[in-house]
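Notes follow the structure.
A, B, C and D are the chain letters, set down in written order, and residue numbers restart from 1 in every chain.
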């Protein structure tokens, strides 16, 4: 009996990061997890609004929580109020709003009043990241599903900010996270510790100042390379974009800079589980990982 | 040439305003500078995060609102998780940004972004930029 | 009770206080009114009761009219109470049959501009005092025999100093240390700031002195199992952990250590070097005897005849693998807690890479490195560039340690100076937030370090990284004075870790029921005036158990603790007011509810009945409100007395008039109200103050009855938590108030009429405002109808305790 | 019952006639009060907002079009006494009520992006490329509440952000481009233009070609209708009118 979970993809997983979603759904299937997409979900806002008087931007996440209630009402999921997010930004934004509404009944009321067309939300929902789900079912379970030997791969986990900070939403130790390397271990991949694994990629600055971001990309990626990594995994489409596409600008700034492929952790899982290549959508990765994977005989 | 900062009533009102918007007790900053040391964008900044705190305390509105730093801050919360007084500088920066943005100012002109880039950017990048940099 | 009434002979004296009172209050009238009350055999007014003559008059009257109760309407009992208590003793009476009506601070002064009211109030106050006196018991001071036996817990410098002072003064000391040797953290230190004299050199003589002092029974490698009893009779169980080496036989020849095949990390060197499974803790350990660490030892792990080399080679055959823990029971009169501190475990701040990056060490490791370097042993190469990072585990809310550890600045400056002196070509930096060189000649020492060329950068380092190419540590920080980021690679980075209470502290705190302050260290009785006492009689604090301290302060405090213990034990007796609670065993049904309510563990069950230990009881009275059987009562503030005061205060309440009953805790609120009077700050003369030991003493029962007897409002005034001697008083007060409020609501009475407030003695205005606010409020609410008041009393005890207790 | 109904019908007829043909007001029994640009007017009951305004003396040269609820020209915003909610309507489709505070929105200031769908990739980011402000949506749902066509506007805006052409096209299909959503949007989005882009892209790339249309286009291209066309073009005005009327009448049949 598959575990059925309400699932929030986020805009980018429908466009630029399709491969994140397809690979996730594929590996989830392997693990007998059914991620049921929220009906008519809306953009979470990507970043949580952090000034005290701005409720407007808490609406978007709140609406999605109402969708979860509806899913339970209509029996699409059975008394399951965990909302699974994949994109780190969505996770962070949804979770922070959820916390805010849990701790501030005034604001919760105001929001419910404003959304009078929706049914009332009363903090039923718990926002979780897919990585947490994996940890909960146990990495040993993940290990059981491994079909392909990836031991030759050296991959550096990259956490960025929004899975770990601020503390109240952290899915792991804020300063010393292990969850991604534990995952890699269970997949038989050698995790490489990158001292810059928690450093911010520059996030939305990529829109107004791509070179500022490229400088961070350079620091983070070459940090991983120095530590011996051949690829980096992430769980955030924006990190992925900045670390991957911005390698282009980084190369402009630092001519001798050699990039590495940036993968979603679920793509690596997919490889280990022997998920068909097309479901992993490597064509969407800016730095094509396939040459590396072929060279390692992981892909034909 | 160093200029002298007048300590005025307005200065305090500005501090109060930012404290209210951010919900942070800015006066309890001890200026240890750990925020600056933790900041991933520090190299892009004109004022260090710690400076932003002290200048806010002194209500140096003009200098703050014209600074590059408040717009460079990517809200990564690294300073927040390290601050020995558990202050959230990301909130302070956001408050300062809001003071500007709420005067119907946009910090980026999204129409000016080239079509090519627009086709390349992931949605969240643009959404986030709009949230943080437009009114 | 009625017939008891008739037997009484009460004398009443109304004082003019040289006009202070008589100019406002009609003292003659007060005396006259008092004389009309039954059992009052004489009632006088007199210019100066506290004068020689005034006191003599009381003594003579008492003898002539063989008075058995005395009421003096004058100033505050806080003020002249003690004087008149002595007077009564001279008159051959119990000092506890005195009651004072506080007509100066509570009537004449605050109501100086309404003579009528002031006089009425004075009369009532006097009546209240008479009614209380009528119910006074002729008690005597309580006393306990105290001997000269002291237990000192912890063999660090604090424990050592306290033990020596006590032993030298001829007291019998048992010093218990959990480690194999005494010496504590100081034994690990290199040199001491600001003098830079070597710690060993000044510590080891003291350790030796402890070792062979006739009055000190040294129990090392031992732990306290349990402590029961109280001042003068503490029963202590001590666990002697097995050394597997007989102290009396071992001559420390060292053959065993040579032969021992098991290498383990040397804890004394903070894991920077190795030692053997059988070893002496350190070179000048006291006692200088070997011991075997259990877990690594092959024999002790696998038993049989595994290894056992040490035993084979020991010429003294001092080694016994079958040694078992021994338990010893001792009885002591007083206890000094000197459990000391632990350094902050820097691994709790992973961003600094302690335990991960090989060139990042902590302050204590640095001490060991410096010590050993002096001996020519290099525990770790420091290299040419050394950085110290301050406030690791101090002043940091992120890890719940908001306090300053007080020693780190100075020890870092010391270490910096020493490593600089070792090799002047070294580049030494200290990254700090604030340099706190507060002690005697510390600032000068700081300055000397600067002159040596130690560089001080004002900025906290955020994280440490290793340069993979050369293993050096990359340090990056904002120079907050320069407003620039600075960065550099260092050969060694020392984390100046802060201090927290020793891991063993909590165990002791729980055994002795001591209080802890918000920083987790042990709470002293009073931050200013009783810095080495605890609220538990006969238990004192020495050293860092009470809070971070440097060596001078620790030693000073240790001697202080010793002196306090000596002062107490020298009396041979311990006197205390008989202000304690007691159980009426007929009524007690052994429900044990009271036991958990007592914060001092004074209540025990004895064959099915609760019994209160008078010596341990502090008389806060919170237990009384917890007894469903109404079986607990207390001296000096008995239920009957308080009810009588309330009744009397309300009897003469006229139609349309209203009354605010204020229960004021003796320690703070009552004094506060005195100061309000002294300041001649006017407040509603409809208020009647009733003195209680603590806010927690005011039971819901008492509150409800006050309303029943006609109170229109009740204010319970208690000390602000920190200034209260009773740890649970505040919470108990609000508990009782909540219960009372429910009952009021049931009876349809506005709960606004009941207020609990916490005061500190300076909140004069706050008090006046509160009372006047209530006065106004009552003008609107008016008085409470008889029906409602009677409704209160219906099944009162069920309402108070939920279920009916048979 | 029957009686009652007839009365009502008469009333309406009466009112309408009076409105359109200006017969003297004495005949009219039922009146309501409305406010136009803050000024109060007494108008007969049972008129559409548009008729009511005209009765009140306003003459439309803007804010009016098909009068049949299709063109979206007569967008109206109003509040009703005793209700804080701001309401929207098409003036030609909504009955005037007593106590309406009315204003016409002749045009919503909205810039339409220039693009040639033939040169656009069928890629979701096209929406943001031409209408980046879509990214500012805060999901306040005001647009949906505003839409006089009762479309789930917020949903299709969200679909646009996600680059889902089909959903945008289907959910916005009934949009009449009245512009009310764009006027009310706090994020300053022009929903209906984005929707149109979506529908066009979907029409071109999302849907398979409709064979009949293909066939008909071929016929036209092959000149099948040239003859008829020439004939019509050659007609005089009066002849043309006849043809037109005839053709219109033929329409009536179905």
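Here, a contact is a pair of C-beta atoms (placed from the backbone, for glycine too) under 8 Å apart; a residue touches a chain by one contact, two chains touch by 3 or more.
None of these values were measured; they are calculated from a predicted model.
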item	value
Identifier of the chain whose CA centre is least distant from the whole-structure CA centre	B
Comparison of A-D and B-C by number of C-beta pairs in contact, larger one	B-C
Centre distance in Å when chain C and chain D are each reduced to the mean of their C-alpha atoms	79
Chain centre separation (chain B, chain D; CA means) in Å	45
Shared-contact residues (touching 2 or more other chains) in chain C	351
Set of chain A residues in contact with two or more other chains	11, 15-16, 43, 45, 57, 175
Touching two or more other chains - residue numbers and ranges from chain B	43, 78, 81, 110, 113, 120-121, 123, 126-127, 129, 131
Chain pairs that touch, as defined at the top of this document	A-B, A-C, A-D, B-C, B-D
Of all residues in chain C, those that touch chain A in their complex	349-351, 465-466, 468
Parts of chain A lying in touch with chain D, wherever the complex brings them together	11, 14-16, 40-43, 45, 56-57, 59-60, 63, 114-115, 117
Chain B - residues contacting chain D, complex	110-111, 113, 115, 118-121, 123, 126-127, 129-131, 134
Residues of chain D touching chain A in the complex	123-125, 137-141, 145, 152, 154-155, 158, 161-164, 186
Footprint of chain B on chain A - complex, ascending	10-12, 15-17, 43, 45-47, 49-54, 57, 87, 89-90, 160-161, 164-167, 174-175, 198-200, 202-209, 212, 215-216, 237-238, 241, 245
